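Written below as structure tokens is the structure these notes are about.
Per-chain residue numbering starts at 1, and chain names A, B, C, D, E, F, G and H are given in the order in which the chains are listed.
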Amino acid sequence: MLALRLLTPVLVLAVSVFASGTPRIDKNKAALLIVDHQVGLFHLVKDINPSEYVNNIVGHAALGPLFNLPTVLTTSAETGPNGPLPKEIVELHPNSTIVRRGGEVNAWDSEEFRAAVRATGRTQMIVAGITTDVCTTFLALSLVEEGFEVFANADASGTFNKFTADNANDRMRGAGVQVLSFFAVVGELMRDWRNTPGAAEILPFLDSFLPSAGYLTRAHAAAVLNGTILPGELA
Amino acid sequence: MLALRLLTPVLVLAVSVFASGTPRIDKNKAALLIVDHQVGLFHLVKDINPSEYVNNIVGHAALGPLFNLPTVLTTSAETGPNGPLPKEIVELHPNSTIVRRGGEVNAWDSEEFRAAVRATGRTQMIVAGITTDVCTTFLALSLVEEGFEVFANADASGTFNKFTADNANDRMRGAGVQVLSFFAVVGELMRDWRNTPGAAEILPFLDSFLPSAGYLTRAHAAAVLNGTILPGELA
Amino acid sequence: MLALRLLTPVLVLAVSVFASGTPRIDKNKAALLIVDHQVGLFHLVKDINPSEYVNNIVGHAALGPLFNLPTVLTTSAETGPNGPLPKEIVELHPNSTIVRRGGEVNAWDSEEFRAAVRATGRTQMIVAGITTDVCTTFLALSLVEEGFEVFANADASGTFNKFTADNANDRMRGAGVQVLSFFAVVGELMRDWRNTPGAAEILPFLDSFLPSAGYLTRAHAAAVLNGTILPGELA
Amino acid sequence: MLALRLLTPVLVLAVSVFASGTPRIDKNKAALLIVDHQVGLFHLVKDINPSEYVNNIVGHAALGPLFNLPTVLTTSAETGPNGPLPKEIVELHPNSTIVRRGGEVNAWDSEEFRAAVRATGRTQMIVAGITTDVCTTFLALSLVEEGFEVFANADASGTFNKFTADNANDRMRGAGVQVLSFFAVVGELMRDWRNTPGAAEILPFLDSFLPSAGYLTRAHAAAVLNGTILPGELA
Amino acid sequence: MLALRLLTPVLVLAVSVFASGTPRIDKNKAALLIVDHQVGLFHLVKDINPSEYVNNIVGHAALGPLFNLPTVLTTSAETGPNGPLPKEIVELHPNSTIVRRGGEVNAWDSEEFRAAVRATGRTQMIVAGITTDVCTTFLALSLVEEGFEVFANADASGTFNKFTADNANDRMRGAGVQVLSFFAVVGELMRDWRNTPGAAEILPFLDSFLPSAGYLTRAHAAAVLNGTILPGELA
Amino acid sequence: MLALRLLTPVLVLAVSVFASGTPRIDKNKAALLIVDHQVGLFHLVKDINPSEYVNNIVGHAALGPLFNLPTVLTTSAETGPNGPLPKEIVELHPNSTIVRRGGEVNAWDSEEFRAAVRATGRTQMIVAGITTDVCTTFLALSLVEEGFEVFANADASGTFNKFTADNANDRMRGAGVQVLSFFAVVGELMRDWRNTPGAAEILPFLDSFLPSAGYLTRAHAAAVLNGTILPGELA
Amino acid sequence: MLALRLLTPVLVLAVSVFASGTPRIDKNKAALLIVDHQVGLFHLVKDINPSEYVNNIVGHAALGPLFNLPTVLTTSAETGPNGPLPKEIVELHPNSTIVRRGGEVNAWDSEEFRAAVRATGRTQMIVAGITTDVCTTFLALSLVEEGFEVFANADASGTFNKFTADNANDRMRGAGVQVLSFFAVVGELMRDWRNTPGAAEILPFLDSFLPSAGYLTRAHAAAVLNGTILPGELA
Amino acid sequence: MLALRLLTPVLVLAVSVFASGTPRIDKNKAALLIVDHQVGLFHLVKDINPSEYVNNIVGHAALGPLFNLPTVLTTSAETGPNGPLPKEIVELHPNSTIVRRGGEVNAWDSEEFRAAVRATGRTQMIVAGITTDVCTTFLALSLVEEGFEVFANADASGTFNKFTADNANDRMRGAGVQVLSFFAVVGELMRDWRNTPGAAEILPFLDSFLPSAGYLTRAHAAAVLNGTILPGELA
């Protein structure tokens, strides 16, 4: 950061950093990045319950086919301790590029990865990885610097503990990254339940990956189809 | 506790302390005790959210008229810092005895209170108070010693912090007190949704005092009466 | 966000983003927005105790009549799993507009909702909804972009967990939204206990919706009217 | 509990309540009970993450076919707010009895349920339900009283909050119920990885329902089949 | 623990372990034990806030003069890292015995300490120390074995973390120790606010050591002496 | 906040908002503000342990005489439920102004308070109050707007829960308020342990109000004056 | 557990289960058991910080040579996902038996392990393992049944989450297992700082494995050897 | 902060504060600062587990020799209660400057320290200290003001509680400090596992200081060298 020793003060009108608008995801401008969601690195993640985290990383990967988003997958040293990607994630992306990095910690330092990202032709990047503070943050900061609008799916990144997650997300926010929940990413991509994909595609998707939403729908459907009013229920 | 120096060992069959059955509440045997739920003492309670705690103490008091339980209310030095009972609790019990103790910490040390409890003719006591570790526990231990079956409504007692609540509940459990949730107290009293009181009375009661149960019912009723199936909902 | 490649540096005096003042609520400029506080969606909220949350959402709605704020209510697909608004909220607003959106996730995407908001003629919007990260945040960001001053009643929005709530509130803060507690919203609206509405109206309001404040008042009133000094109390 | 006024003290040797051994599950003696795991009641559960809880209740149900355990399913008022069982659980038990109770809170109060349990011919009962404090505890206490050895799968019961879960589990423990984790239930049923079912069946089962165990296996398999040693890895 | 292989079963009636009554403190039977509350050991305590812990240990020591309890203080290797007792505690006990142990971890292993305890002539021991799991627990278990009734002031013992505190308190409970809060110890000693010591002595004591109780009294006194009713306060 | 529709973009060099330096406290420029630390309002504070909070608010008040800071105290409706200031705080400030506000929620709305603050002649304001979100925040925002450098002593403000505290502190930070710990306030005021006041005055001050620091000093002093090295201590 | 239907009640004096004394560790009677502390299983442990857990399991192993305890190590399927023991643990036990189990979940089901335990000739077993609920608990329950006194080093067992740890420790306690902290295990083994091993051996041991104790000693030694009294330090 | 009263508004394009890039560590530009990691001050740290914190501070110091970073160590009054640096940290830096400050709280106020920092010739400073809110923050703010890029190793600073840590880190972030995890600091310094230092040096380093990463590597190495596939493992 610059530490200016100001010579000639110039009065300017205070303007909001976000006066031109907080970036929001547009499914026609966005690509999906899957960063180091590897089965070994999975064991470093202790800021989120494992069952929920599996839902979140597989759900993150499933956003690609659901919204027809160009997707780049990348791994770091996958024959080493980090391990390969979960098979469910690979199977969701039979036609996407997987960049297997040799040693670059920041995926953006890989020429192959940069090329793959640029080949998507998109200006918005939805990103998640393990660990939040290294794999997600380093890449997100580079993407911001390159001029992309960056959206971190906070629920699909994981790290050693909550303190580290919070510090990493604050660092990204400080650089202009939009840090969103998985549910908010879905909401910004869909926009309207009457769109395609809309309720018909998203409700089953939520049933798979966000069970509290799924069970809300299940209880409602059962009530509509088969429900009866108990005594006292309308009191 | 006795520290026996055993002279003549006698082999006995190991028996479960609870082999003859864990006590359960019977609405025909039970009385309700409301102990020091005073508006000043309320401020000592920090192991539970104030909104939830108000629901729990008023809900505890409302068990009396709901299940037609003889009820004894008691307060400690109510013109002092402890303050009076909340008006909602008093209004629920226009015909119950209120024992205003002069100085006894343990309500059982009050002859007037003992008489009022015995006058109920009941053998099971459902008790809650502020604070858990003093007002509830001291009384509960005395009641056990007197031969009553004692049920502590854990959600309607409160104290300085969770550590103290846990230690107090463990002390009561060690003496044979049954420590139950508010919802379990209701369940043991009702037994069957087809009884009277049953669904017709209990569902509105839960709507008032246990909102997550109440809103479950509201969502169900709305779906039965007015629901439609969205695309994707049955997938 | 723009990623400028600066050609001609211009020295400017560092100015506070908030040099012109942090927005504060003015009851004559503010409108109240009630967003998707529906009885089905209620079950998604796990970052706050249900009893407290009911107090917060009904209390949020009650700000309308209390401060005579023009109010817009909106729901999303209310015959579906989301369900209708709680009856208490509807009954507080017999004359307010309820915009029942067909499918727009962001209420601002609804032409009817935009019209209703603009019809209030107000420049400040007090908003809360379920979920914080989607229904509250999406709308709040749009309102900022439209030039409104936006105040999020943090206690009356709810979502899946605290991590998501924090990320959503940080996202709104990053866009210039003022994220306040329910108590702070009341305080900014009232300004002075001698106003109308003032103590005479607000103390009963707090007794209903913010019990720790209410019980403080109850204990005080009892002491003034009926209190006696115990030995040792003045030592 | 009896409050004896002892007349003639008899010295006895202090004996461990568990001297004859803590009960452990034997797959040839055990039956599986699935109690009120209904899609409406699911929304009352706030002491465990929803993703993990879905894994735990479906995993609990899957113990039946995996270990060939006679299984009884029961529901309470399933056309009402409680809703039906999740379809995954029903589909795992095409030939098991489902007792749809009319109004009994404690499943043991249902004659049909008692008959179904007795028809299993088993002496050990593995039980879980919603809520822990009512549906699981009430039944577990009755089963103990009837002479069964009772094992509560703690991870597959859920309730309003952790305080209530802890109190309920303590109440069951006080009555002699063994309160175990899901993983411990699996371990006691399997006993040896070389049994049938053993590793060949249990590893895929854990991969589905206990992801941290599953991903441990995935990382190991990848390393054995395809791993390479990095520089520094053996230092 | 004995593992009996029973030869001749003898049927006995199930009796409550505590049928003869849970021990309660009697100020005429009790002595106070202050164990290793040393200024070095203080830094090991991380299961409680330091400000609260100072109040609790000095308040524990102050019970001696307040209730005229014979008191034994002991330290372990006080010129070493453990350090001396805080001066406030020493000054409260100008005439009590301080046993400076050379190396015994369990104070009961010190002949001098045993003699001092026996010299009190009391049968009930109120004990607290650092750390809970070693200094308090080891002594408490020995005292039980010697036939004393033992009361652990849970708030005045401290240790490395909450997990260790809970395990230690459970171990003591398993041996028959009564684990109480500081407030409960005071309540059992006082019994009635009209006793001596009673309100006149205890209210100032609580003002010093239990501020939430103290400030309750302060607010009450101010209201009685100088309070006025605000508009709306009685609504 | 302005929502500019930019007509003529002007490239500017990105500058740090804090390029001219983060404000730090200068004891010669600072005044101390004590806002509504009243014995009734004390009971609303649940985001911090009461013992620690008493230390923090009395310690906050003690900064005045310790560093010779001009001090303004203010209360809100002190004959009402809020109650008076604790006597310890009043006694520390025999010569400071106490502004007893009639009804203004934001102290800055009181002309008398504004005059008292301006009469200090200081440009930096160290502020704390109950509640954080209302009394501290409202005043702090006004002070920033008036051109003061504002320092919030975070440990000496308190409110309903941690969520509200965090949101309030974030709101203040967003307006340029420096939110510091009590220990940091002391450190910025003292600057050097060799100053006056320095170690000679500050160590006793910390012993009174920050016990973990005080006991560190006590253990050190004992070791220097009276310590011996145990076997193994230097290994 | 037996559910007796009592025919002939016999009054007996209530006796404490622990009247004959809570078991305590005697270094001449105790053996050390290291159960499945394998580098793969390590990743399942999420109820304790990894850095602390490494200290605890290596410290547990180091108790063997420190106190000259016969030690049995065992692993489960160590070429599989569970992995081998950490090299530090193996190196501490060059002459101890390592039982590499083929498939038995409960180590006691292994004839080789039973023989190794019995070959120690000891009657007390100090045990820890991964996971607490399976490897530690299953073995501990079997050891109790065999008549051993069992001591669980609670800090050196780990599992999926705190809920599971608590349930497992409660299950062991219910069977008579003594659940202790690591520090308490050391204290019971050493008994007196003047013993051998005593301070000379234990202080360096604590410096390695229990840093808060180690740094207490470091600070003391520095003060004794090189400390000076600051102004104000003795005030 | 300036409170401009703007005379002549000048429209400027909203630019990201970080448009020119978030600072990242370059091992050729960075120096390491070790601030007051003293064995006495260690006891003030309660926002992180002691075992983990020792790893973090010694690991922080070890970054110097690992990445050949010029390093400055400093202490405050080390013969007083703060104590000396741990010997492990000193031994890692036989040739680095240690500035033993006499009384300056902010190390930057020490001329000797400023000279030592400037003598490194580096423009990026990696800093950590005890306490976070005083020693780390005060220095970090001064370094920013001097024009350095500042990186706070968040895991190697510690303080009284999490609230204080969060407030301090937010204060630094507000001034432009990059607040990173220890793992992120390592990652930014290394950049690529194929560099020197790279995997060969960093994997053993992580094994020493970040055990969850170390045990991941251990499990992988064991599987590659000695692993076998169990039945069911590939299902």
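Simple rule for what comes next: a contact is a pair of C-beta atoms (placed from the backbone, for glycine too) under 8 Å apart; a residue touches a chain by one contact, two chains touch by 3 or more.
Small disclaimer: the values here were computed from a predicted structure and weren't measured.
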Can you spot which option in A-B, G-H or A-H is basically D-G again, with over half of the contact pairs the same by residue number? A-H
More contacting C-beta pairs: G-H or A-B? The answer is G-H
Rounded Å distance, chain F centre to chain G centre (Cα mean): 46
Centroid spacing, where centroids are CA-atom means, of chain A and chain E in whole angstrom: 52
Among the residues of chain G, which ones contact at least 2 other chains? 1-4, 6, 10-20, 40, 43, 46, 77, 80-81, 83, 144-145, 166, 170, 176, 193, 198-199, 212, 216-217, 219-221, 223, 227-228, 230, 233
Chain G-touching residues of chain F, taken from the complex the two chains share: 193, 198-204, 207, 217, 219-221, 223-225, 227-235
In the complex, the residues of chain A that touch chain C are 4, 6-12, 14-18, 20-24, 48, 144-147, 149, 154-155, 162, 165-166, 169-170, 173, 176, 178-181, 183-184, 187-188, 190-195, 198-199, 212-213, 216-217, 219-221
Would you tell me which residues of chain E are touching chain G in their complex? 1-3, 10-20, 40-41, 43-44, 46, 76-77, 80-81, 83, 102-106, 109, 131, 133-134, 137-138, 141, 144-145, 159-160, 163-164, 166-168, 170-171, 174-176
Report the residues of chain C in contact with chain B in the complex, numbered from low to high. 39-40, 42-43, 49-55, 77-81, 83-84, 86, 211-212, 215-216, 218-219, 222-223, 226-228, 230, 233
